[in-house]
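Listed below are the structures to be examined.
In the two assemblies presented below, chain A is common to both, partnered first by chain B and then by chain C.
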Partner chain A sequence: MIDSTTNSRFSTKQLIVIYTIISLVGLLIVWELVARFTSASMFLPPASEVLAAFARSFVEPIGQHTMLAHVGVSLYRVAVAFIFATIIGIALGVGMGYSKLFEAIFKPIFEFIRPIPPLAWIPLSILWFGLSDTGKFFIIFLGCFCFITVNTYDGAKNVDPELIGAARMLGASEKQVFFKIVLPSSVPYIFAGLQIAVTAGWSAVVGSEMIQSNEGVGWVIIRGMSTGNTVQIMVGIVAIGIVGFALANITSALERRLCSWNAQKGM
Partner chain B sequence: MKSFFSKHKYTVISACSFVFVLFIWQLVTDILHLVSPVMLPSPTKIVETFWYKLTGGTVPDGSSLIQNILSSLKIALGGYVVGVIIGVPLGVGMAWSRRFELVAKPLFDIIRPVPALAWIPLMILWLGIGYASKVGIIFFAAFISATVNSYTGIRQTSQVHLWVGKTFGATNRQLLFKVAIPTALPMIFTGLRLALGSAWVALVAAEMLAATSGLGYMIQISRLLGRPDVIIVGMITIGFVGLLLNTVLEKLQKKFVKRGKKA
Partner chain C sequence: MERSEGNVKTKTPVLECRNVGRSFDSYDGSGKNEVLRGMDFEVYENEFLVLFGAGQCGKTTLLNILAGLDMPTEGEVLARGQKVTKPAPERGFVYQKTSLFPWMTVEENVGFGPKVRHLPEKEVQERVKKYLDLVGLTGFEKSYPNQLSGGMRQRVGIARAYANEPDIMLMDEPFGHLDAQTRYMMEEELQRIWQKEKRTVVFVTNNIEEALFLADRIILLTNCPTHIKEEYEINMPHPRDYVDPEFLRLRQLITDNMDLTL
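Right after this comes the complex of A and B.
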């Protein structure tokens, strides 16, 4: 792990870039060759074809929409559910972490629901909400909500008791303790929860669209499967991967900016 | 009596709150009939169905609860084992060897953001709807957490420990097996636990799309047959088995990591 690259002609950053290009180009070449010259071509379309189809999907519609619109639909579903999950999750998490009574009332019910994977709610959500968007919001909400609640709860539980004691001693009211101490010191935990929740929400939207929908990125791949169109499946996977990557990076960049003071606190 | 209540005040409140929810649920379903049983069956009905499925009832999906659990576990553990066998060495390797990391990390980074579920259509086209394709999907779910955590664990090895090892003439291999891997063990175990969790979640999705038995299949087919009681029994079982798997690994982790520290 520590073997030195210091005697190399390149800086570490340059090395990373060079090797990233080499390995990605290598992957594409191997893929292309395998797909063109072996019997795997039955199942595996060549890389160039997938990339071309991916580029084309931005102009030519798949089903009713172009790729951008499919991504937009899926992102919209995640966003709506995510906002609800954030509001309810933070309220429940802070409440349970701060007030013993609140915890005693809600924790057993929460712990009962928590281990059930969000996708397992799909059959019930279809019965309750039909095939509408509401059902998908519900699934994605469940996917995000548990992570946010658990993390917020941890944050509110781990508030330094000396801080609370000091504030009380200096005459802070219960309300002040809550808003000036408990809530701010839970913020890093809340952010960690939001970050996991975004990724989980993206995964849940793909899952719920695969089981019930007629638009969105999950639909693109499931439609590819039912028509035997491997290229379309792979185009969908590429789009899902890119958006997932972007979401994960945006949230961690946001965290670094908004919670930079947490860096020293660390560990 | 008073001292008992003040001692267990919060436990009593918890129990009351749980019972209260169940009571309201029973009230709106079977007693007042505010909600149709097709939308939400009553708790008593669910307990009844649960008992029926548990004691070997095969209606409506063709297998009893135990058979479904075993069939799901077989798939989940199969994919999980493959994922761990590939994921842990991959993570350790990437963290230990700079050159390997440079080549392998970009490839790993492009697979990582794709949710395991998105591989389902490709796996079904490639491997059919049998055991192999489901194992493939679960492999993707398990392998990511196993790799990421092993990687982070090895990376946390203290530089000073490595220097000490080197000063005393340890070979690279000794440094890896005697210093880095023991340091990383708690993280690797956490990875194994997370991987099992995501494997279990992915399994439900895989079985909902293509299967003839298993818990995911059971809840999906019960929806088509309009049996919400079986759906809820299935959901609770899925949650419970997931929790159980997690607890088992947690116990193992406590045991192993403690031993690692003593030695």
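Right after this comes the complex of A and C.
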């Protein structure tokens, strides 16, 4: 616990930043020491070497592209799949949560697809879509759309019935109840889903780029594996970690902005 | 007895509750759970009617039926002679836990009714302004419900119901969640608002002081199944005093007549 009353030199906010830095630097030091002084050094390149290679990767291309281009390509793939997943996930989730009929039709299919890991679809996706980007979109889509659907469904199911009653009493039609009450009231749930989904989609990119490709952060890792280049594997991992961290923070900042009305629970 | 024919009301009822009963299937499915029985009364133009009774059972169910949010299993409810079958903006509802739309600002909440009924934007704005002013919340247009105190939220709830300019207002223990001081203040506020903008009101409460402070007429309900025990015409002038001898006499009279077996 950080107790701001016992430490007058730093504010709580500053302490959080300081501890975060200590935590990250600590990780790097432990990594460096383990890699240099234990038998793990055979498989784990030291942090300093990886970070240097990571920095270099922005100027010297890995394969045909520099790191920025690899990240860009991967982000593009996630973005396309994520947009489709968002549209379909929200529509499916809110539909199943609001309409019993819709739920009866789509829920069994959805529950069947949900537990299948996205990577299990790779062979089929190669058959269906070949080695094009479409196949990668498909895998990333499957990696994130379930989270959006489940959360939206939860949100639409948990709309306070009194709010729906209040809207009807005020003269709202069924359509207005749906768009003005059910949908906005599900927004915090939808955002929770989007946040998990964007991270899950970003994780799925590695899998999707295992399908033959010549670029992307997933490819950097796969390529590193096939050439036995552990430094390059770690560089890819570091890139994925940093971008994933940034994505999670961007979505949660977006949520705080758009759902400020929800900041205080228990109304 | 206090039962009387009522002297100030025009005799056209705004709302008629005709022998309304409501039963629910019991949980084990073995029988019926009767909540309301033989509810028979009228609500007159610009009357402040209080449905008063102890405990939880029946009052909210009755109000939901009057609103059209729930259907009676016996009898019927008529609004201006028309059978009530579904919710309608002619009947405004004020909830115990306010049930404001938390993602909407105060003005969006108040304007919701006029807006969904496709009134012209100018009219919507005028009503928002008028009724926020009426409840004393001018200046809070852009606030969200979670930024307001309990009493202020209840004011928004009242303004939202008023903004539709309904034929009748149904209030379900609107001050039940407030602390005692805020509650007294809100009772006075509601009285002021109602004197300024007369509406027909059906107000549900389990608080005898609140009932006596506000009512033109009190219907005393008794529990399980809920039915009407007695009616009292309250003719004290407003604003009323909680320790006025007549106030205390009626309080004693009504309290003595309650079944406090639960």
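We take it that the second predicted complex is superposed on the first by the 222 of 267 C-alpha atoms of A that agree within 3 Å, B and C clash if a C-alpha of one lies under 4 Å from a C-alpha of the other, contacts with A are read in each partner's own complex, and residues count from 1 in each chain.
Simple rule for what comes next: a residue touches a chain if its C-beta (ideal position, glycine included) is under 8 Å from a C-beta of that chain, and two chains touch if they have at least 3 such contacts.
For clarity, every value in this text was computed on a predicted model and none was experimentally measured.
After overlaying the two complexes on the shared chain, residue contacts for A:51 are found with neither chain B nor chain C.
Counting the residues of chain A touched by each of chain B and chain C gives the higher count for B.
After overlaying the two complexes on the shared chain, residue contacts for A:187 are found with chain C alone; chain B is out of touch. When both complexes are overlaid on chain A, the residue A:15 reaches chain B alone and has no touch with chain C. In the superposed pair of complexes, A:128 makes contact with chain B only, with no contact to chain C. Using the contact criterion defined above for the overlaid structures, shared-chain residue A:236 touches chain B, although it does not reach chain C. Once the two complexes are overlaid on the shared chain, A:210 sits against chain B while remaining clear of chain C. In the superposition on chain A, contact is made by A:169 with chain C only, not with chain B.
On chain A, the positions that touch chain C within their shared complex are 160, 162-163, 165-173, 176, 180-181, 184-185, 187, 259-264, 267. For chain B in complex with chain A, the residues that touch the partner chain are 9-11, 13-15, 17-18, 21, 38-40, 95-99, 102-107, 109-122, 124-126, 154-155, 157, 159, 162, 180, 200-201, 204-205, 208-209, 216, 219-220, 222-223, 228, 231-232, 234-236, 238-240, 242-243, 246. Against chain A, the residues of chain C that register as touching in their complex are 67, 69, 86-89, 91-93, 95, 97-104, 112-113, 116-117, 144-146, 153, 160, 164. Every residue of chain A that touches chain B in the complex is listed here, in rising order: 1-3, 5, 15-16, 19-20, 22-24, 27, 43, 100-101, 103-109, 112-124, 126-128, 202-203, 206-207, 210-211, 218, 221-222, 224-225, 228, 230, 233-234, 236-237, 240-242, 244-245, 248.
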